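As structure tokens, here come the structures.
Look at the two complexes coming up: chain A is in both, with chain B in one and chain C in the other.
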Partner chain A sequence: MSEFRYVTKGINRTDGELIVTGRAMYACDMELPGMLVAKILRSPYSHARIKGINTDKAKGLEGVKAVISGADIGYRRFSFIDTPAFPADQTPLAVDKVRFAGEEVAAVAAVNEEIAAKALDLIEVEYEELPSVFDPEEAMKEGAPAIHEIVKPNTTTAWEDFGVPSSKSRPYKTVNNISNKNLIQYGNIEKGFEEAEYIREDRFEIPSTSHVAMEPHVAVASFQPTGKLDVWLTHMGYEHKRFWLAKLLDIPISKVRVHKTYVGGAFGGKISIFPFEFIAAYFSRVTLRPVKIILPREEVFAGCPPSRRMIVYLKTGVKKHGRITAQQVKLIDDVGAYRRSSPTALYLAHFFRNPIYSIPSIKHEGYGVYTNKLYTSAKRGHSLSQMVFAVEAQLDMICDELGLDKVEMRFKNFRKKGDTLPNGDKLRSYGLPECLKEAAEKIGWEEKYGKEKFRGLGIGTASMFSGAHNFPFSSAAMIRLNHDGRMILYTGQTEFGIGVDTVMAQIASEVLNCPLDYIVVNSGDSEVSPHDLGNWLSGGIFVSGEAVRRAALDLRDQMLKHAATGLDIPIEDLEMKGGWIIPGSDKSKRLSFSDMSRYGIQMAGGDPFIGKGYVKCVPEVHFWKGKYNKTASLSSGKGRFTEAYGLTLAIAHVEVNPETGEVHILEIVIADDCGTPINIKSVEGQIMSQAVMGIGDVLYEEVRISNGIVMNPNLLDYRVPTANDIPKISSIIVDSYEPNGPFGAKEVGESPRAAVISAISNAICNAIGERIYDLPMTSDRIKRALRSKST
Partner chain B sequence: MKRSVLLVVNGDKHEMFIEPNLTLLGLLRENLNLKGAKEACGIGACGACTVIMDGKPVNACIVLAVEAEGKEIETIEGLAEGNDLHPLQRSFVDHHSFQCGFCTPGTIMTAKAFLNRNPKPSRGCQGNVNSHTLMTTIFQGVNKRGVADHE
Partner chain C sequence: MSLLPEFEYKRPESLEEFHHLLSDYKGDAVILAGGTDVMPRIKMGLKKLNLILDIKALEGLRYIKDKGQNMRIGALTTISEIKKNKLIKDKYPSLHEAAKLTASENLQQRGTIGGNILQDTRCLYYNKPEVWRKSFRPCFKVGGDICNAARGGKKCFAVYCGDLAPALISLGASVRILSKKGEKQMPLKEIFTGDGKSPFSLSSHELVKDIIIPPDKMRGGYEKLRMRKAIDYPVVNIALSMGAGDKGRLVVGSAGATPLIYDFPSHDELSGIPEKAQNDMSPVNNMYLPPLYRKSMVKVLSDKLISRI
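Take a look at the complex of A and B:
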């Protein structure tokens, strides 16, 4: 790594001063002249027909500027996934019925929050309650209450708009509340189980956990008399936001500007569009005044989607020596009232863990099932943590049954560098075996395993895409030379805690061999930056960072070409160094970048020197006017998804108090293959924060829903780890180089969380000598498990 | 019934005419346009809104503005001396002690109040910066989740 000058170094955040002085501008800080405040009325019922809404009294209140309900908005459908097979099933405000307690029913815009709140109380809604179903396995049975009968698309679907080859949109008739399903198969599952010498079948259940992004969800919208919409949002990439706002409001995408804001955390919880964002924009359009909505924490908990609740039926066959022959999964995704990203989740649940173990025969069937509960969505490693929790738990049980070494068993089943996955994705880098080796050594696996009473060790694994072929399918970047020799770099990446401006400047500085402060980064403004994949599915560095690298290379080539002409020196003789272009043959003729800016303007016809770079997520996938290649299918899992996988292996060492069931985590070691770390400090920060998140997922966190009502919608009743819960956590970055990533980099932002969840939960079960099949592993559950063991 | 309050914020006197149910956080953010302190939970559980009132850290979201009558309030905006960051601010930058940064102003104000009470918390170490290094290690882990329990 020593050959790099800027990349890999733990350089301080270039915007650090902004953050520590309180000057970083988050959407909630945005103020505009004449701004109104909007509030939302939500359903108290989990399933009810709306018989009538009377907003007259609310409209009559002084200071109220607009009141809307579903009747005003109608069937404007949206979803995270909107394909002809799975058309969008949600509307910004409930039209005919409500399907979960917390659903948006009406909204008010007023001159201040107090008046808006008073107006909500004046809205009269007549409901007719309907029978609800909360358990997904009950909901799948014949005769269960029907939550969605038929979804009739009244526009093209998003996939048609994106140009994805598919049939025309068609109505979706829901049978037995099944919102979506998939089936991924390869090898020969019957033969695989016939060859097995030991087979296990288990059921695991994973609840929803909240993202607990510190900034609640916020939208500020300002519709201009010119027909342009300016928005400041809590988000993870502007492309989906502006696409959906444009589609729902029927204005051109180019007239929606998502402004740069700092975002106070996201973790998957702020992706795609939400009703409140549409409501803010709609109010701004009808009042021609700026409108702000800040969701209180209670509404984030009870009205915005947490992580996916999943039930995993898992069957694995192995040889006596530990080689896996076949694995069968039946996954039930309890989606709640709306499907949202479930079609994606069901295939990611397989593909995010596919690079870990080489399993000759797989059958993976998934069902998204509607229930009358808060709908669910992605959380850091969408479906990865749920799936690997089950897989790693069962592998540990198999090892215990067959007396196999848990480390050896995993070594035996890992894939290999250079492997091609069944869908065609290639593992050009694969550091998982090194991760296991180094983590086991660091934690002292051999010395400790099985030798300590009420202490245990557990292993967790994970893998994650480095960007996927999803809209807008590519990222681009631009870099412009200024008169002073400095450059402005434009990238669409969003700052929600990843240090985008810093790492992108590091990449550009590395290419142009100039001081870091020569690069001024303009990030996350949809009107200024070219299209960008956004900061989800972990493509930030691998895809958008590579676009930045290529933009810098383009600028470098342009400057060197013109310098060669201007100096009449062969280009091969020129070197860029320290912000200069230096001829090897005569260093006194060196040119500054500022000289080059002047050359471009005076001698090259006014050439401004603008470099551009772009990267397609998966270059071989394309579709255009009837031509297409290797397009991915969510339902069958065929087609290409990503160019590189980040990989993590975690080992946890825990102690359990057998009297109280309390868990004391002694140490967590996380070994990660993220390729080249672009900024070692921010990589360590990513890993650390996922370890902390994972501790919460295992020990405390669950969005508890009883009869459709969220019971713990605040930060006192919903416990997350605090400083006192943080054990010794070490991270190891294994030596790895991803050939297609910028300077060898790939994903790091999502896979460690899943690995940590499996590691801690396996360590707890190892410590108590009993299996717990559900999360979280609270002290009550642990005590119960210990009691059942002794009886 | 509106009431008038007089308070000092970052050394500046403010006399305001406010609703009795206005929180200190509301006064700072809405009336004085000081956006550094943030609301993340609204019930005093997370500390993102921490400011210092007469030397003590308080959750501004659960302190009424009228309680601040006659008090001296310090917020993140008043911490740097002109262009020079406070050593705590510098230390947070140098130790990568934040990611999204949303809870950082509150966390820094908590740390400042702590160090005011306890200027040399680690034996033989040089005051703020070093002791802060230890705190940073703790905060590194929690800052994205941000729920920095002050105790």
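Take a look at the complex of A and C:
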């Protein structure tokens, strides 16, 4: 790493001063002249027919500018996944019936929040309550209440608009509340289990947890009389937002501008479109005034999708010495009222685990099931943590049963560098075995394991893609030289707390060998930046960072070429250094970047020197016509998925109080193979933050739903770890160098959370000598497990 | 968080002004000190009001006085001040420990002893915004006729979750109460009604002036089980204080609408109390953790406390 000047260094955030002085502009800070405030009326029922809505009284209240309900909006459908096979099933406001308590029913725009709140109380809704079903396994049975019947697409689906060729979208007829399913198989599952000498079958259940971003969800929309829509949002990438706003409002995508905002945390919870964002835009169009919606925390908890609730039936066969021969998974994804990302999640639940263990035969079948509960979606490590929790728990149980060493057993089953996965993905870099070796050493596994009463050790593994084929399938970047020799870098990356502006500047500085402050980053503005994957799919560095690197290379090449011509010196003799172009043969002839700008204008016909770079997430996958169409299938798992996998191994050391069931985490060690860390401080921040999230996932967090109602929609009853609850956390960075990534970098932002969840939960079960199959492992559950052990 | 309703706001600077404002007022008045308990309830629509009487500017309600006789703690004394007081730490360890474990540092600096004692009872179905409660029928505590936590229940089971009151009761503390009619003093334990719906016997025109703790130095302590190491209300909390001859009192908090109180004449009698207290507690499913677990922790915590004192 020593040859790098900017990359790998723990450089402070270039926008740090802006944020700590309160000058960074978040969507909730946005104020526009004449701005209205909107509020949303939500259903108190988990399943009910809407017989009528009377908005007259609300409209009559002074200060109210518009009131809308589902009848005004109609069936404008949207979803996270909108394919011909799985057409979008959600509308911004309920039209015929409500399917979960908290669903949007009507909305008011008024001159201030107080009047909007008063007007909500004046809206009269007549409901006819319908029978609800909350348990997904009940919902799948014949005769369960039908939540959706037939979903009729009334436009093309998003996937078709994105370029996926298909026969026309067809109506989706829901049978037994099954929203979607998948089946991924390879090897020979029967044979695999025949060869096994020990087989275990278990059932695990994982609840939803919320993202708890510091900034609540906000939308500010300003529709211009010219037909243009300006929006300021809390988001993770503008492409999905502007696509859906354009589609739902039926305006050209180029007329939607998502402005740059700082975003106060997302964690996977702010991707794709939300009803309130459409509502703000719609109100702005009908009132021709700017409209702002800030969701109260309760509405974020009870109205916006948390992580996926999953039931995992897991069957694993092993040889007596620990080699896994076969694994069968039946996954029930309790999607709630709307499908959202379930087809993706069922697919990812398999694919995120594929690079970890080499298992000859796999059968992975998944069902997304509608229930009358808050719908669910992606959270940091989308469905990875749910599957890993089950798989790693069962591996520990197998080791306990067979008397196998838990570290050795995992070494025995890891994949190897250079492996090709069954779908064709290649492991060009693979540091997982080294992660385990280093983490086990650091925590003192051999000295401590099995030797301490009511203390335990647990291992968790995880892997994560580095960008994948979802809209817009690739990222691009531009970099423009200015008269003063400094450059403006345009990237569509979104700053939601991850330090992306800083690391992109580091990448460009490294290529152009110029001081960091020569790079002015202009990020996250959909009208200025080229298309970009956004900050999800864990492709920020690997895909968008590589686009930035290539844009910088392009600019460097242009400048060197012109410098060679201008100086009449061979290009091979020129070196870029410290913001200069220096001829090796005669250093006195050096040119500054500022000189190059003037040269471009005066001597090269006015050339502005704009570098561009672009990268496709998975070059081999094409959504195009005829024979060029080479896609990948979410339902069968066929086709390429990603170009590189980040990998994590976590080990936790915990102590349990046998009297109270309280858990005291002594230490967490996380070894992460993220390739080259572009900014070591950012990487450590990513790892630490996921350890903290994982602690919450194991010990406290659950969006608790009772009879369809979210029982803990506030930060007192929904507990995230406090500073006092954070133990010693160490991170080890295992740099495996990913040949396809910028300077060898790959994913780091999602994988550690899942590994930490498994590590802590396995450590708890190790400490008490009893298995707990559900999360969170609250003290009462631990106490119950201890009691069942003693009786 | 929901919006605040409209209300009048007054900030009296003397007790005379305070009584005058309160007795002349025809609507619903709410007394505001630190606000850490009452403000969220107002925002959630749990407290209907027309007037807020902010007593933070009242002279002479913020003190810790000990002249060798009873200790007197003014109602506006913050929890942080109690925590840091060396005399309290020395003489009344149960109170010191309870203050230390109350909420979090920032809430301790804001919250007062008077407000902490008079915090309302809590329930998973009650401490929620008005729009959330629309999914349920009105319960006893909001003037309805059912209990949402214990279906078929005939009364309100909301739980008193205060940290300081169990410790103060274990110390035999009294409260001095001011009203327009004058001043009265009563044992702290007697302000509890035992009714989750309206847990205190104080009328709306009465104000706690100070808390009086008997002079004898006590041995004792406070145990609190909570989910996280800060902020959270107790799952169960136990206070124990004993004086000469090991005569003393053990108090169980978060057990119901009122703390459970057990006097013992000597150490020998103490040993049977944890089990009795556990049997006496009959919680319903109205807190975050299940009732049986909460109940089973009474003995665990009491034993732990007794063994360390």
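Following the convention adopted for this analysis, the second predicted complex is superposed on the first by the 787 of 791 C-alpha atoms of A that agree within 3 Å, B and C clash if a C-alpha of one lies under 4 Å from a C-alpha of the other, contacts with A are read in each partner's own complex, and residues count from 1 in each chain.
Criterion: a contact is a pair of C-beta atoms (placed from the backbone, for glycine too) under 8 Å apart; a residue touches a chain by one contact, two chains touch by 3 or more.
The shown structure was predicted, so the numbers you read here are calculated from the model rather than taken from an experiment.
S.K.: Looking at A:723, would you say it contacts chain B, chain C, both, or neither? Reply first, second, both or neither.
M.R.: Both partners, chain B and chain C.
S.K.: Once chain A of both complexes is superposed, is A:222 in touch with chain B (first), chain C (second), both, or neither?
M.R.: neither
S.K.: With the two structures laid over each other on chain A, which partner does A:731 touch: chain B (first), chain C (second), both, or neither?
M.R.: A:731 contacts neither chain B nor chain C.
S.K.: For A:307, is the partner it touches chain B (first), chain C (second), both, or none of the two (neither)?
M.R.: neither
S.K.: Between chain B (first) and chain C (second), which, if any, makes contact with A:316: first, second, both or neither?
M.R.: Touch status of A:316: no partner.
S.K.: Just checking: does A:740 make contact with chain B only, chain C only, both, or neither of them? Give me first, second, both or neither.
M.R.: After superposition on chain A, A:740 lies in contact with neither partner.
S.K.: Kindly classify A:692 by the partners it touches after superposition: chain B alone (first), chain C alone (second), both, or neither?
M.R.: A:692: touches chain B, not chain C.
S.K.: With the two complexes superposed on chain A, say which partner A:783 touches: chain B (first), chain C (second), both, or neither.
M.R.: Only chain C is touched by A:783; chain B is not.
S.K.: Could you say whether A:180 touches chain B, chain C, both of them, or neither, answering first, second, both or neither?
M.R.: After superposing on A, A:180 lies clear of both chain B and chain C.
S.K.: Specify the partner with more touching residues on chain A, choosing between chain B and chain C.
M.R.: Of chain B and chain C, more residues of chain A lie in contact with B.
S.K.: Once the two structures are superposed, pull the chain A residues common to the chain B and chain C interfaces.
M.R.: Residues 296-297, 714, 716, 721-724, which sit in both footprints.
S.K.: How about chain B: which of its residues touch chain A in the complex?
M.R.: 33-43, 45-46, 48, 75-77, 79-80, 85, 89-90, 92-94, 96, 98-105, 108, 138-149
S.K.: What residues on chain C touch chain A, complex-wise?
M.R.: 1-3, 104, 124, 127-129, 131-132, 134-136, 225, 227-233, 288-290, 293, 296-297, 300-301, 304
S.K.: Write out the stretch or stretches of chain A touching chain B in their complex.
M.R.: Result: residues 10, 12-13, 16-17, 19-26, 28-29, 31, 212-216, 262-265, 294, 296-297, 495-499, 681-682, 684-686, 688-689, 691-693, 696, 714-716, 720-724, 726, 729 of chain A touch chain B.
S.K.: With touch defined as at the start, can you tell me which chain A residues reach chain C in the complex?
M.R.: So the residues of chain A in touch with chain C come to 42, 44-45, 101, 113-114, 117, 296-298, 302, 659-662, 699-700, 708-709, 711-714, 716-717, 719, 721-725, 778-780, 783-784.
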